[in-house]
Every structure is written in C-alpha cells, then in structure tokens.
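Both complexes below contain chain A, partnered by chain B and then by chain C.
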Partner chain A sequence: MERQSSGVLVQRRSRQSYRSYVGSHLGFTPGFTQRRLTTSRVAAARGRRGARAPGGRGAAEASPAQLALLAREWQLSYVTPLYRFRHDQLRSYARQLGAFLAAETRRGEAAEAGLQDGLKVSITLVAGMAQTEEDPDAVFIQMHSKRQFAAPDDAPRLAWSGWLACVGGDADYLRSLPPDFVCLPLLGASGAEGLTALVKAWFRRTFDCCFGPLEINSVNLQWLAALWTDCHAQTSIQQLKLVWSLPVEPPLQVTYTVHPQDAWELWKSVRQPGERGEEEVGEEDGSIAIEEVARFIKGLQSHFYRHFRVELSAEQLTQVSTALGAAKHSGRLKISNSSYMITTLTLLTECALLKMPI
Partner chain B sequence: MAVTLHLPRPPDLSSSSSTDSSSFNRSVNRSVRVAEIVRRKTEAKDSLVAALKYFAEVEAGTPVQGNDELERNLVSVERVAYSKGLSPEAISVMLEFAMSLRMGTSPCVRVLKCLLPTTVVPHQAVVRAVVWLCVGKLPISTQVVFIKWVLTVFDMIDAKDHLRAIYGFLFSFVTEENLCPYICHLLYLLTRKESVRLFRVRKLLELQSKLGKQPFLLHLLSLYKVFCPELVTLSLPSRMRAGFRNYNGPWKTALIAIQKRNTGQVSSDLPLALETMEKAGSRKRKLGHMDLPALTPVVQIQTQTSYNKAVVPLAHINSFVKLLENLHLIELPAQMGSLLGSSLALQYLDCVQDESAFLRLNFWLGHALHEEFLFCGHGGASHSTDEVVKFLERLLSSQHFLQEGFSSTEAFLYKFLNVWDGSLLRPQILGLLSSIPVVPSSCIGRLLFEPLMQLFLTSTLFFKCGLIDSLNGMLVKWLTWHSVYAREDGLDISLNSHTSMNMSLSGFMHSVMELVQFVGRLASMGLQLEGGHSLLLSFVLDFYDTVCDMFRKYGLPLLVMPPVGVFYPALFATDSVSVDRLAQIMYRYKINLTSAKKQEKQTEQAFHISRQTYLEFNRYLVFMVNCLWNSKVFQPGNAVELSEELLLRSRVPQYWASFDLIHHPAFLGHAVDFHHKCWPEKREVDLNSIKPSKVWGWYLEYLFTQGFDGLKQFIQSNISWRPSSTSGAKTTDLEKEQTPKMVKVYGVKVSQRTSLPRAIS
Partner chain C sequence: MEDPTRRMLQQLIRRIPTQMLKTSLSRWGRLDAEQLDFTQRKVVWTECLLALCEESGLGVKHITELEMIYVIDNPNRRLWTAYQLLEPEDDARSVELTHFKEQFKAHLAELNRHVSVKIKKHTDEEVWIRIAWGDSFSRPNHLKPTYVVCYLQTPYVFVNNLTSVQKPLLSQALILATKYSSIKDANLSGRKLTGIRDLLMKQFRQVFPSKHLQPLGENKQINSNPQIGCEQEEQSENRLQMACEAFGGGMLPELQTATYKLETKLKDNTNKIMTEREQPFRCVVTFASTNILESLRHSAMTGIASTPVTPLLSSITQKGRNHFVISDKGPGRLPQTPHPTK
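And now, the complex of A and B:
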C-alpha cells in the first residue's frame, strides 16, 4: 500500500513536469491555449523598448524607483489578480499593512489601524515599468525598522522590500479581466521570510488574491543566458556561468563558466543571417528567436560534450549568472544592471501569467 | 433624554383578579380543598397588587429598619416572583423602586434578585434603570448585580433598539474596572455597525494597555473588527477561550424553574457564547493552500463616499432567518474562498449574481487545486491525504449544493486528466468530473475524451465502472440543466447561471451526442477488454437507462441507440439481471420513440430524431424478439448471421433455439426450476416440454413473478400473444415441433424502406 502510493506520486510528478514543460513552452496547454507564446512577445517588447529609448541601454535611463529594483536578490512568486486594488490608495494601504504587521507581531493585542510603532511601511509607484496600456503600474513596498537604541538622526534600516509588477503582460488576458481586478502577477520579495509571509497574508486578505512560488525553468534560464550574452557588446558580462544539476544520487552539479568573449562569439555566430540583416537596418531593434537561443545553448553543450562526454541536454539547467544578473531555478533573481531589466521582467511576467489558474 | 415612567395600571390588575374571582365562582361546586387553593391564590394576587402599589408610591427616605410593612410587601412580591415570575408591570415598578434608592441601598439587591420576569422585560424599565445608574449613587457591587441581571434577561427584553440608543451611556461605564467585563458583554450584545466609532476603539485600546489582554475586551474588539476592520487591527491568539463567561447569577435556575412551571418547557439555553473559532492552533501553517480562509469582512478603504448604504457583513450573520432579512444588504467577505466553509454562506452564494465574486472564488479555488495537484513538483511534500480529501469533499458538496461546477474546477480537470494516474483520489476526482458543465462539441474530444480514453483503456475494472458512472452523472446533469434552463423558444440555453455565455440547442445536442457516442465507444471496448464483466455491464446499462429516456424525461429531441458492442453483450449476458435491464431499456426506447413520432406529426419542429435511430431500434427489436421468443436466432436476415455449415459443425442441437427464453444461459436456471415445479415427479428434465403454448404462458407468468419487470414490459408492449390461440401458427422448416405462438412485433413505423414487417408470424 505504502509503496504503491509513493509510486503513484512519483509517476504523477514526472508526468506533471513533462506537462508543464510542454504546456507552457510550446504554447500548448489543454484547456487554455490562446495566450501562449514566447519568442515574438519578448522580441516585441524589446522592439518597443528600443524604439522608446534609442541608443541608450545604460543605467542612466532607469528611474530612481527602478534603480531600487537593482542589486538585490528577489524571491519570485506569482500572484493572482488583485481584487479592488487601487493605485490611488497606496498611502492608506501602507498604513493598514503597518497596523496588520504590528497586530500580527503582538498576537492577541488589538491595534488601531494607522498607528505604527515598529515597522514603517511605505508603498510607492514605480514609474516607467509598464510597457503597454494594459499593464498596471508596478508597486514598490518597503519596510524600515527603527533600531531600538538608534541615534535620532540614524537612517532607519530597510527590513523588507518587495515589488509587484506586470511588464508586457498578455494583453488579451489583461483585457479579459473585469475592471475590478488589477493584475500584477509578479512579486519579488527580499527580506525575512516571516515578513514575506505576513505581507502575502495581508494581500490575500485585503485583495482576495493567492500567491504561489514561481520557478524559472530550464527554458527560461536559457532565454536569460542568451539575453544577457546579447548585452555583452554594450556592458561586459564578465563571465557566463551556467549550472546544471544531474539527477543522480548524491546530486551532482556541473558548473560551466564561459569566457565572455567566447560566449559573445558563439552568440554572434548563431544569430540568424536573415535576422541580422534586419538588425543591421534597425541597429537596436534586434529581436531574439527561440531557435537562436536553442542553437546557442546547443553550441555550449556540444562543446562540453566534446571535452567531457557528458550530454548536458539531458540535464536540468538550474542557474545562470553573469555580471548583469543571476537567476536560479528556485525563483531567485538578481538584476545588477538595468540593461534588459524590462525584457527580463517581461519574460518573467509571462511565466507568472502561465501559472494563473484561470 | 426623556424617559417616561410607566406605572402599573391598577385597572389591569383588578381586571385580572376579577376574572380570577369569576373562575372562583365557577369552581364552587368543586371540593373545598381546591376552592381553598384558589382562594389563597387570589389572596396572593391581591397582596401582590397591594405590595406593588406600596412600592410604587412609597416616599423617598422611608426608614428600612423595623419597617414591617416593607418586609410584608417584599415577601409577598418575592413569593409570587419565585413561584410564577413577575409581570412586565411588576418588573417596572420593582426595578424603579430598587434603582431609585428610595429606601436606601439595603433592599436594592434583594429586590434585584427577585426580578424574575414571566414573559418579557419592558425596555422602558431597563432604560430608566440605566438612567439611575448614570446618577451614580448606586454602590459598585449593586451596579454589577444590575448589569448581570440585564445580561441574564437580555433575550427577554421586548425591544432592544432603545437600549441601542443609549449605547454611548453604557459605553461610558467601561472605564469602571469592576463593571468592565459585564459592560463589555452587554455592549457585545448591543453593538451594531453604527455604534463602532474611532473614539470607542481608542478607549478600548487604552483600557487594553492598562488591563492587559483581557478576553472580554478582545471579544468586543473582535466584534468591532467584524464591523469596521478599517478601524481595528487585531489577530486573536489561537488558543483564546471562546465566548464570554456565562454569568448565571442567582436568576438562571429560578428562571428555568418558572418557565418550566408556566409553560412546561424551557426555552433553549441563551446562546451567549460566541461561535467556536475554527483556528486549529496545533497545526502549524504549512503550505496553506488547502485551508479555507476565514470569513472576514472587507476592509473599507474609501470611508464616506459610496458607503452610505448600510451593509451587513456576512461574517455577522449566524442564522438563516437573519440571512433572509438582510439578503439585500449583505456584503461579501474579503476572501470569497471562505464562503465554501459555511453552509449559510453557500445559501447566499446561490443568490450572488456578481461575476467578480465568482471570479475571485475561482481564482482562489483554481490556485488551491493547481498548487496541490499540478505545481507540487518542486520538492514540497504534498499535504496529508486526509486534508486533501476533506477539501475535495467540501468542494464536491458545495458544487452539489449549488448544482453546478465551478469553472476553475473545470479548467483544472482538463489539465489534471492528462497527468492523472487514475487512482489518486479516484472517487473525488470522478465526482468533480461528473459536474463539469456542458462542453462545446468542438473541444470536448481534445479536453475530455482523449485523456479519459487513455485512462480508461489502461486502468482496472473498477476505474472503468467509476468512469462510466461519472459520465452518467455528467450526462444527467447536462440533461437536467437543459430541461431547467432551456429558454422558452427552446433554441438557446444559458450554459451557466453566472456567465452570459449561451449555447444553441443544436450545439447542446451535438455535445450530448458526442458524449453518448463516446461512452458507447468506451463501453464497447471496456466490455470486450473485461470479457463482458457483469459489474461493468451494469454500469453501462445504468448509462443507457439515462440515454433511453432523454426525450420523455428531459424533453431533448435526441435518442441514441447503444452500439452493437453494448447491445449484444447485454443480450447474451449470462446473468438474467442484465438481460432484464436491456429489455427494460428497449421498452423505454420504444416509448420515447413512439411519443417522439407522435409529436413530430403534430408539431412542425426544427429537430427530429433521425430515421437512422428508428431503423437501428427496429433491427435490435426484431433480433431480440427472434432470439428470445421465436427461437430463430441465426436466421438469415438477422443482424447476427452465421453460415449453416458452421452452425452444424458446432454440433449444438437445436442451435436456433439456444437463446430463447428457455435455453438462454441467463434463464436456463429459471427454466429448470420451473420444470421442477411443474413436474416434480419427472426425473429427466425436458425443457422442450415448456414450449407448448399453455405451459409457455405459465412459464412467462413464473418469470414475471421472479421480478423480471423489464422483460414483462418488453414482452407486453412488443408481442401480442394469446396462449390459447393456435390459429395462424406457422411452422418454420427449422423447427421440429410446432410452437403455437402468435407473435406480433410492433415496430415503430418508419419509412417504406424499413426491413421490419409489421408482424412476424
């Protein structure tokens, strides 16, 4: 009985992972099929971005609020649409969240809403993140705690921060929601896990939404690797580091570090000639096709195979890191440079939207 | 505040005593002892009237010490109070007397203790007593006794609105440390949304900081939170005692005794305690997506604007009556998922028309299901099966109650069926499957049939039975939905009461057709794979029980005959129950087809049952009659044809009769049994001796008494047969002996090309 049930679970899981791979990345999910595509959307977003800010990919173009998203490692979650979330109520939300946190920490004692003595919560808009008219504005949440014996002029310590964003979300899906709902499907959280849980609980109660972990699977990690390598011409990526995990007991990892110049050469060589022709015309308006990404990764893998006789294509890519950013399969993301931040978030928004139950 | 003093009206009291005296007159004839009792009662009444008069009119400052008159009157009031309780007027007088301290504080508590109402407590009296409370002359202990008394008789106060009007006055007493617990309880009973104000919240918080986490403060605050979550933030400790303490005081037992004496029954115990909190303290929150959220009201952000309508949070509704009273005012909770947790809330959900509300519910439900079953791959240990089962059972019962499936369940199932192994939580998943609403025929194959077919072919017999049963349930729900929601014109039906999506009747019929044909395919294959297993066959016949009545029972102009893969295994089944059920189903088909035919002639309708169905039915019918009745099973022209050569080579004697009602494997036992009963002395069983017309008739009678009702209906409706008649009998070449059976098969009349003769003889 015991063995049987565990066998069932294993089987279920393996079939599941196959399904989610197929379902989400080849654009075929039984039940809802329309809003699934990977390549052209990212490309389109990039195209728009290029058109908006020609020539500039540096940090200078990012707003200060956007800069706050850099240089921290975020734990990603997906969020179902928020019910009756209003961007003009952010101050009052901040007050309530503060009171909620206070009440939760002092369990059993009531607190008046709006009274904050522990954490100071601020919720602000992040301008310039929305890519389309349907995208709601991103929201940035910060919590500062006062140190107990701090000097009066000491800056309060940042205890927790997080953001909710929708960047280039599927327009059809966003339009299909009733006006009462605001879709901000991507949550990045950085700080104590307990606080993350409390913030999620407050959102759940206030906006009747649900949170779930957002993993970045192999295909998306490959996308990120290609995206960041593509930036090398403008900003050095220092090195391209890829980590594969081998499903053996005990688990093994293959860490594959590529010299940036080699990676760049390889990337240039796999770019489709037809594409490149267009790119030469539009200069910045390049787009990346999934085939190019596949060829790029294939190139890296076959190189590895020639040296070590290990077929990496059978393994799972769990981590990608460059100087521009790092992403892990578990849903940890770090963006160190504002280049391609929007594109990265567009990709992740898409992943989050794929997780929506309806 | 103007409160008028309601003095007792002497005429009332005297009139009651006069009626008593008249009854006294009537009882003169009775025994003296009874008369004596009545006289004493009357005296007591009179003395009570006198006593009340005394207490109403006694001068302030009358000494208590050595006052015999006071003592006598008090005793007479007490006697009545403890035996029968006091009338509303008496309560008013005595309460006024006690609270006004006209004779000082010493008789006050004694009077309060005997204030036991017979029927109701007039609210004016209570309000006036509170006025005296505000004067502030009463000692604290007496004040406590008074509030306790109010709490005890709270449900007997005739109108509470006036008490609510002096909420502020009552609230001012919370600062009194000794009174605070009781006042909090009273306020808890009186609080309405409009009485929750910021300054009161602040006052209570201030008290809390002074007194610590007192349960009475927390309960009152949590009620405030229910009404105005924007003012109070509070999370109750998981192990807090539920409810206020029950201050029984000296009155409770006496009150119960009086009620018992007066009416012979005790009203149910006053439900003063809060409902038990469902927070399970022991179980730490794990992933939490299988837990139902708590029923909490919405935090109102925009306070003044758009908030003039008085709304009642659903969390504050605890009875069906209250639900009905406030149906138009109810405010949905903050988390729609919480509605699944209570049966009352489900009642309300049934009337909710708001699409957003359902979307919220579906987001939550879909998220829970997806996280539990589809996204569970990331190492996180799954929940205990118990919890999941409980969750699914609740979901199932909710869907059953609402009589429709949630769209998120549907979307989830379409994905889950592709990865399901067919054994995990089978009953629950199959239950969910059966409540999938009508699927458009364009995608039904891809979404449902493909994964189900795979599962069906690769799984055990029990799964096959379960799946057929579940699809039967689905079909019944679709048909019921059609018969209830079909529009007047019969062309459009709304798919779901909460969406505006419509489906045309032809679209619906296509879907039903697809489903029935799909189950037909499944059943044919399943019966073949399982060697015509009786259990599976039984479930398949269950399904056709539904199908054969689609026209009559559900008004759908569509009938689909079972495929050969179902019909023949059922007809040649070795158990008589299956054959009987098949006969029953054929009988129902006939009734449906004939009435469809009749209706078709009468009204020109857009939809007809196809000719093909009639032909198919007739072919089956002819075969069935030939097989069971005429003993001509392999006759050329029948559906099952075997070359004579082959049949002879099988060396089965009288092979043509091997499936008639006597030799059919399902009935052979009955035939032998019948033979024994007819000719107990015969040692050799000769089944052919049943063939003669007369015996055949007895045999049929015998079969009918064995409970083969389907067979009975089938034979009676399809074969006109008179056992006595021998005329017109015709022997066929194959039959050695004459079967004197006049057989007539009524087919449903079809086009000229039909191969069915009106009668076979």
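And now, the complex of A and C:
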C-alpha cells in the first residue's frame, strides 16, 4: 500500500512540477499531535528524491481557478473534517448556500454583513491543487452580487470568495478518517467578515464541522521566509521583509528588509551540503531541513544583534513578505506567484491539521 | 465663486474633521458659523458654507487664511522634514521678521514668478510660510501647498510637502533671506512637528552620566517589590540610568520611526562563507512605534535591549536624527559624515 501510493506520488510530482517539499518542522509541535503526523517527513522526502523526474521544476501551469487564488489576501481558518461532503454535489451545495444566504437576508440578520439581495453563489473544483493522491480536491466558492442598475455587459461584482483545500495532508491521518469524512482543513476567505461568518455557519450546519482561527506562528513564518528565499534563483523575491513586534510600552515594531541577493546568499551559505551531496547544492533540491531554516534566521538575527544589541530570537515574528507572497501572524496570507503556491499551501495545510482539536 | 476656489474650499473641508473645522471657522471670523447646522451631514452644510462664502465675496486669499489657521493649530497631522541652515553670516542672528518676509518673497518671486506666498507669525520665534507653486505655464496650485516653519533665531527649518523640483528654489530663498550660506537635510522627519522640533532643539530632559545615580522618578515604581534581591535592584537601577542617558528622562519628543540603512559585512563565527564574503550585507532596519524614544528607553530599561545602549540607537537623541546610513568605512561604527538619506 505504502509503496503503491509513493509510486503514484512521484508521477504526480513530475507532472505538476512543483518544487520544494516542506520538510519536517514537527520538532516544534506539541507531543499529542505526533500520533497523527509522521515525524520523519524530511527523511521520506529525501528518500523519494532519486525518483524525481529531471527538469521537473519551474513555473507550473496554473489553471484559471488557481489564478483566482492569487493577488488577494486571504484570512485563514482551520476546518475539521466535513461529514458527508461529496465533490459531485457542488452545484447543489451552491444552490443551498445561496438559499441559506437569502433566508438570512430576509431575517434581517445579514444587514450588518453588507449582504445585498441576490448573491449568485458558485462552487467549483480547483484542479491541480493537491500534492498526493490522497489529497481531496480543493473547492472554490465565489459570490457575485447582481447590481440593480447594471448595464447588460457589466461584469457582476465579486462580493466574497473563499476556498477549502488540503495540499500534502498527512497520509496516515487522511487514511485514518472514517469513510464518510472529507478532510479540507484549510479555509481562505476574502470579503466581508459577516459573509465569512454566514458561510461558516452553513458549513457547520450542513457538514457538522467546526472552524477556528489559523494563526501562523513564528516558526512557520520562518519556514515561509526560507521557502520563498529559496525560490530567488528562479523568480526574484524583490526583497525579504520580516517584521517583529517587541512587547514594550508603547509597542515597538521592527521591520527588517533584506536585499534579495544578499538574503539568497545567506540562505545558500546555511544549506547543508554534506547531507545531500555536493552536486545538488543550489541546483535541484527539493527538501529543506529545519536546521537550515533555524541557521538562516539566526544569521539574520545575529547581524541585527551586532548593530542594535536587541535579541530578536526572543521576540515575536509577526509578518513575512516577499514578491512571491506575504503572511501575517494573524493568519492573513497572500500568494502572488502561482509557481510556489503548492509549497506554501503544503506548509499551511500542515499547520491547520496541527491546530485542529482532536 | 470661481471653480478653482470652490474646489479648494471643498477639498479643505473634506480633509478637516467637523469638530476641528468648527474651531478653525470661528478663529477665521470671516463669516457667521452660527448659520451652519453641523448636526447635518457634511455634504449638506458644505453647500451652505460655499453659498455663504460666495455671498460674502470671499476668494482664494481668504480660504488660504482658513487653511493656515487649521494647519497651524494642528501641526501634528502631516509629515515634516527637518533642514539645517549652515554657516551663518555675521548678522544672521539679527534678522528680524519684516526683513525676512520681504527678502524671502522677493527672492522666491525672482526664482519662480508664478508663486503665491503667505507668511504668518505664530509666536515670537515661530514663523509659518505657505507656498503655492506654479510654473511658467500654470498658475499657483493652491491644492498642494508647501508649508515651511522657521525659527528665526535658530538654524532649523521644518518643511512639509516639498517636491524635488521645488527644493532648490526654496533652499535658495531661505538661505538668502536668513543670511546663511547653505542648507542641508537634517535626516530627521516625523508626523509630529513638536516632536522633531523638541528633539532637534534638545527640548527634553537630558540625563548625563554620573557616578552617583540620580534620583529618577521612575526608580521607585520599579523597586517597589521588596522581594527583589539587592543585586538585581542595582542592576535594574543601572539599566534605568543607562536607558535615560541614551534617550533622555521624563517625557520624550514624539518620533514615529527610525530608519537604518545597513551596509556592513555580515560577521558570524558560525558562518564562514558569509564572513569571508567581500560585499556588505545590504538591509534596511526600521523601528516604528507611536513614540519610538519611549519604546526604546523602555526596552533598555527592561533588558530587551542590552545596556549600555548601542551608539546606533542613542544617536537618535544625541545627533537629533532618525535616518542613518551605516557602513564599515570610516572610524567607529557610525558614519562620520552624515549621508543624505531618503
């Protein structure tokens, strides 16, 4: 079973041609989650490395639905597994959600949510937003408002959009779910908060799931900083910007903006050549180890300390941004380049799975 | 009322919160503000105000007056950049207002014919200048004026909203009118005019190093816990003393940011590749808070920033700057010549 699934996996990887595999940062996860998630993912990723098709990187062809995920800031939440969710019922779900929203409007409760009459809801599949065969397909929800005095050729205004995805979810965990459950642990929402609340309410009612805020902690922000910096050789990151917040009175914010080339050279210098063979360094290498991320951030922090005598490692990292994307501690995410979307979402799926109550 | 005048008044009213506008209107005194019903929506009474102005035959000149009243009363709502005049002539200190006004207007008009200048004395030393710029083909644009605040007996000038084209003209007129030889960017900017002025003119309580700890107000609060060991108490007192030496005691001037452009080598014992690299590690560090000096002093007091405070941070108060370029060149860690930064 295990072998079979990795065979399929390799095929998919070469076809989709995404790159960095998110290594294990599970050293930081609380003990109880380890039962669910394998702790040796770096090893697993490296084991598969030999089988990867050559030239399997670079910009992946993004589908239109994937493109819709770009250039918008998403507020992330985790979602517990959906009970009796079926991917072939999306049209019917769209109708039901539309009816639910209309009913809420009539009850007047949605007035504050900025909800107008006549929202057109569509729910579609997003192709290609998965990493393994076990990942359920991602779902994209859009709500367009019909303007009363719109000209016939006016495009309807997008009032709310959101997606549910599972990218590279832990295989053991996905397999352990009872057959009636579908796991799409990551929700990204963009639009009025009132509408987000209504959509969540409908999902809770229909699929017996629950939602919670997905904060991106310092460690995961560091991972994103390293992941994005690693891409600089292919796509310019323009700059690496890290923001820390210091708990003093009044609160102090430290913004650390690094020249892209220098950030990349620092990253290259902390990569461990010994463990993966010299010829591969800086070339095609899919995995990133937690130690490398730690050394990268420590390098930045010690340079800072030498000048300002403030130890950033003790402070909270609240924001990371590059031209490829931006993430905030509060769970806001923006992905600006489709090539690295899968990588980023793999990391966040893992965060969501860890955040979920068991 | 002409269209441009109308637009100017509309824009001005849009920008000012109603409460503040009420005060400014009564100080302006050009029309009876009692006739306006401020409980209505802004759009509604703006129309009434426009009609009133038209009735009273008020023009651009009067509206700039209103704008100046508002800006002078609320100087902390725009971004100010500090400049410093250099090499005064012998009689520079004795320049008085009437002479300055005449000279400034004359010189500026010589450099740019289409310019409208209004000068107002606020306090004895504080002079406010409003400049609406035009060019050879256009009339002065009153929608985007430059504000300049001069303190005649000091070499400091504070400027808001100045383009790079206008900068040499203003510099020239200022130098000639104040009898100085040159002017430079003071590498200091902030949203609170009072904050950057107090910092530059050292209008805050400076604390100097001394062997005996000064009885500072904050001491007692920190040491109220009798459980704190003697040594710890001494340490925290030490930190407090050093924090105040670096940033000042009591209330500190309000500054929102401090920016450091670092062009220094990355030296790290654990990273041979980067340490051996020839080129500097290029990065920009910005500290931001509602009052960074308070924040930095607090971080030194609580130990978040190690004491003694690094000269990079204490330079903000010591040198009265908040823009720095730091490179490895030159003696010391701070550059000896202030690089202009923007």
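Throughout what follows, the second predicted complex is superposed on the first by the 280 of 358 C-alpha atoms of A that agree within 3 Å, B and C clash if a C-alpha of one lies under 4 Å from a C-alpha of the other, contacts with A are read in each partner's own complex, and residues count from 1 in each chain.
In this text, a contact is a pair of C-beta atoms (placed from the backbone, for glycine too) under 8 Å apart; a residue touches a chain by one contact, two chains touch by 3 or more.
These numbers come from a predicted model, not from an experiment.
Chain A is touched at more residues by one of its partners, and among chain B and chain C that partner is B.
Of the two partner chains, chain B is the only one touched by A:R204; chain C is not.
Shared-chain residue A:Q96: touches chain B; no touch with chain C.
In the superposed model, A:S176 makes contact with neither chain B nor chain C. Contact with chain B, but none with chain C, is seen for A:T80 once the two complexes are overlaid on the shared chain.
Judged by the document's definition of touching, no chain A residue lies at the interface with chain B and also at the interface with chain C.
Per the touch definition, chain A reaches chain B in the complex via residues 8-9, 11-13, 15-17, 19-20, 23, 29-32, 80-81, 83, 86, 89, 92-93, 96, 99-100, 102-104, 107-113, 177-178, 180-181, 204-206, 208-210, 212-213, 215, 330, 355-358.
On the chain C side of its complex with chain A, the touching residues are 260, 262, 264, 266-268, 270-271, 273-274, 277, 279, 281-292, 294-296, 298-299, 302, 304-306, 309-310, 312-313, 326, 333.
Chain contact summary for the complex, chain A toward chain C: residues 246-259, 262, 265-266, 268-270, 295, 298-299, 302-304, 306-311, 314-315. Note for the complex: chain B touches chain A at residues 198, 201-202, 204-205, 208, 213, 217-218, 221-222, 225, 230-237, 240, 289, 293, 296, 299, 301-302, 334-337, 355-356, 359-360, 362-371, 374-378, 382, 407-408, 411-412, 414-415, 418-421, 423-424, 446-447, 451.
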